[in-house]
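Following: one structure in structure tokens, then a few remarks.
Order as written gives the chain letters A, B and C; numbering starts at 1 within each chain.
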Amino acid sequence: MITVYAVLTLGGLAVLFAVLLFVVSKRFHVTEDPRKVEVEAMLPGINCGACGFPGCPGMAAALVKGADDGDISHLVCPPGGASTMEAIGSYFGLTVGQATPMVAVLRCNGSCDNAPAKSTYDGPTSCAVAHSLYAGESGCPFGCLGDGDCEVACEFDALHMNPVTGLPEVDEEKCTACNKCVIACPRNLFELRPIGKKSRRVFVACRSTEKGVVSKSHCQVSCIACTKCAQVCPVDAIPIVNNLAYIDPVKCIACGKCVPVCPTGAILATFPVKPLAPKVSADAATE
Amino acid sequence: MSTGMIVSLSPHVRTKASISMVMGMVIVAMIPAILAGLWAFGLSGALVMAVTTGVCVLTEWFITVYMLKQPSRINDGSAIVTGLLLGMNIPASTPIWQVIAGSIFAIGLGKMAFGGLGHNPFNPALVGRAFMLTSFPADMTTWPAPGAARWSILQTGGVDAVAGPTALGMVAEAQGLPDGLSGVAGMPTHWELFLGSIPGSIGEVSALAILAGGLFLLVRKIISWESPVFFLGGLALFTGVFWIVDPVRYADPLYHILAGGAMLGAWFMVTDMVSSPMTPRGRMIFAGTAGLLTGAIRLFGAFPEGTSYAILIMNAFVPIIDRYVRPKKFGQKKKEASRG
Amino acid sequence: MTLKTFKIGGIHPPENKITEDRAVQSCPLPKQAVVLLAQHIGAPAEIQVKVGDEVKVGTLVGKAPGLISANIHSPVSGKVKKIDTRTDASGYPKTAILIDVVGDDWDPEVGEAGQYEWNKRPLKTDIQATGDEIRAALAAAGVVGMGGAAFPTNVKYMVPPGKTAEYLIINGVECEPYLTADHRLMVELPDEVLVGTEILRRALGVEKAIIGIEANKPDALRIMAERVKSYPNIQVQGLVVKYPQGAEKQLVKALTGREVPSGMLPLDVGCVVNNVGTAQAAYLAVQYKRPFVDRILTVTGTSVKNPGNYLVRLGTPISQVIELAGGLPEDAGKIILGGPMMGKAVSTTDTPVGKGTSGILILNKAQAKRPAVEPCIRCSKCVTVCPMGLEPYLLSEMAKQNRFEEAEARGLMDCVECGSCSFTCPSHRDLVDWLRYGKARVLANRRKGK
């Protein structure tokens, strides 16, 4: 008999709780636009904020609102890329914005070899702390400190410190241009630049505004503002301001002509570049 | 890759103290109590202490090096301290396999599971003891009488042959009798409790030896005075109230302080740095409440001894104590009126 | 006399005052002076000279562009060689005027200061200047606080309406281990310090001035206590040896019993604090119209061959001062500007001596390496020693986890970065590194208007 009572009591309680839960879930249900839920499912779900909205739910809400207004061409999800935007576009039956795929680029090549250490930093492994302490082991006040704040900030496993060079390396495949490394670097060395046709990019790997003589004393591959690159650029994409050359990513056609003329090797390209033709000396020509 | 000058943030000088130095001082402070325990319980006591210490150190080393794949930390001495404290908290007659189980549990679950040194919210030695008490209640409440037990490990029958009730056991029994304390035969005197010739855990028998070690730690500024004073004060307050109301059935507060694990708890367990609060006022609240709880468990709980559980319960409150209790801050008073 | 002290926290680092008996010696003039334009709190001075200009000692080479700034005067005579950059105590290159030194001619506008050796100046006790004139003279001479912070002194004596000053406090504490510059100043030029104190007292308009001196300088205490008898409005008070007694809030507390509330200044409890060196600089500025062009500093360290106290012209590269002290030791590991508790480590000896350089400490390689960081054992020693009553273990951890608002609410901005917590920690944790980082981020967030 006791068993029967026990079974009835517990069974009855179970049914009671089930009914209670059902009633509560119905009574306090939050109605959401079903489209928002569906659009959110199409987004990457990483909440990086690169779209400018608070996470993927925010972007989904903005897309639904934009669709109601008839225009979503101004909304772009960079990590999602073309495939995500096409899916969203066909869902609403509207044209989507064209995002230029971007990638994070480190504008410094002050590796342990190029910018040898002249002192030893002793403290927590944090670029922010080292930056507030002094210019750094190489002496260049603009150069990479090598403690990996950027690696910690990247949530896509796209940044890794190279133990030999002491510099971070960006994995182009994994980088979503979410901007977190740009914010994390206390020296503002990262820049989001367009990936370029067939991943061809050219950039000046230096941010030092020190006079050429001074910056060269810290780092072999610093920009000395000799202006040779600006002179050879066919599309006038290289302004030189404050002892520093900068390649405008919009104008640059990635021809690679500036790379070999740079005397210090401060300009880097992501593709092999034709070296300069060897100069023929006047004596040789008369032979 | 060290070249040139070292550049770091100030301060550029540091104290010579280190974790191993702190642990070393605690071990030195425990020596009188350990010696008193070994004198009372002889080889069986020595064996139990050796097993707790050895197994605790081995467990920490194994978990750190093989499971977590990190460099070994046993050099800092904290595992040795836990082992010694655990040994001091259990009877000398505890079967060795139980001692091993307790030690592994104390370090494994009481310390390493939380992240190792500095991360455990509960006192690891007490965690081990609580585990053993719950799992092996009979063996953990059999107390060999000192002296007689000294060489008993070599005799037939071993140390079990000379078991006896502890002072607190007698106090608990007295509460239920109409005659109260006078109805219990053979209760130790205050002096016997102070000097240490009564049954109990290995380390708790001599209040004098514990006090010597505790005062050493106080003078060397390893522990601060709030914890032991407020713990004993809380205990004395709770038991004192009942003793004043009914001195026939309840033992006096001094008896309670000297009996059982109260002295050991006050000077070595409640002062464990990792599991106690970070501010003086916080320690007063923590230790005082633990003392009151100890009294409550002793007088009204199912166990004659309440120190371990009281401290463990209060360990759980340490994070919230630290959150709300702040140290005395400079410039907190209303600013002096500067006329005009 | 009974010694006073502050109540909360404090530590006793080894004093190492190995240079306390070494009399001050003059450092020879450098071949080239490196005059930084930012040697003070506030905006850098604006350059007044160009390459090729001839300057004399005391010529104005940098002009204060606003109130919170200071004039910079040439510390040498010669020709401006170049306007360049040099790394200063901040660790970053800053604008500096390089002057090739020729002779030692003083600008006639700065009075008779150049005629006398520093220890043979006649004492001018008669103070004619009014409060306003004193403030003007301090500003003209570019006098800034010499205790290390280098705040423009004349600004400290402009009491805003609504606030009242009751005490002038002169800091003769020098609580940092190793440093003895203030000690020697009080022993060798006590009267200049006392007249300077009188001048500052007049500028502030208060009845009482107190000079606080730590008890580990018994000769300075004795001499000052003796000489002060001629100055009825100045009092000398001995202090218990405890770091950081020289921190201004702790000094105010010890001498007057008043606690400066969080986020406020000593003036809010009626006090103004200045270093003994600043008092002497005020004397020179007002009585001799002498601009701030040199200072006493201690070169010290157990490996240094000839440690001592030297009177150095500003702009002298520290390499030269170190040469005077026997050269950089073979086993040198760290070069610190200031003392071991709050000084700045520098990577190069090109750095020049500035207005706030109170000492050059050289630690050998064994002393320089920090011990490895171990887990926090919650011993609460950092809480016990913090003179501001904070919880360094908690605040540094919050800063590390970027929880800046919480840390600010828990008192992070009251931290004076004295280093007592890091010094005491048995786990050698880098508490001050993270506290400083947290404070910088809180300030940056405030500027952004968060």
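Everything below uses one rule, namely that a residue touches a chain if its C-beta (ideal position, glycine included) is under 8 Å from a C-beta of that chain, and two chains touch if they have at least 3 such contacts.
This is a predicted model, so every value here is computed, not measured.
Chain pairs A-C and B-C differ in how many C-beta pairs they share in contact, with the greater number at B-C.
The most centrally placed chain, judged by C-alpha centroids, is C. Rounded to whole angstrom, the centroid-to-centroid distance between chain A and chain B, based on C-alpha atoms, equals 54 Å. Measuring from the averaged C-alpha position of chain A to that of chain C gives a distance of 44 Å. With centres taken as mean Cα positions, chain C sits 49 Å from chain B. Multi-chain contact residues of chain C (touching two or more other chains) are listed as 91, 345-348, 368-370, 430, 433, 436.
Multi-chain contact residues of chain B, defined as those touching 2 or more other chains: 4-9. The residues of chain A that reach two or more other chains are 118-119, 122-123, 129, 133-134, listed in rising order. Residue ranges on chain A touching chain C, taken from their complex, read 118-119, 122-124, 126, 128-129, 132-135, 139, 141, 210, 214. Remark: chain A residues 112, 116-123, 129, 133-134 touch chain B in the complex. Remark: chain B residues 4-15, 17-19, 21-22, 76, 78, 116-119, 224, 273-279, 322, 326-336, 338-340 touch chain C in the complex. Chain C meets chain B in the complex at residues 8, 13-14, 91, 162-164, 166, 177, 249, 253, 258-262, 264, 267-270, 332-336, 338, 340-348, 361, 363, 367-371, 374-380, 383-384, 386-391, 393-394, 410-411, 414, 417, 419, 422-428, 430, 432-433, 436. Of all residues in chain C, those touching chain A in their complex are 85, 87, 90-93, 345-348, 368-370, 373, 430, 433-434, 436-437, 440.
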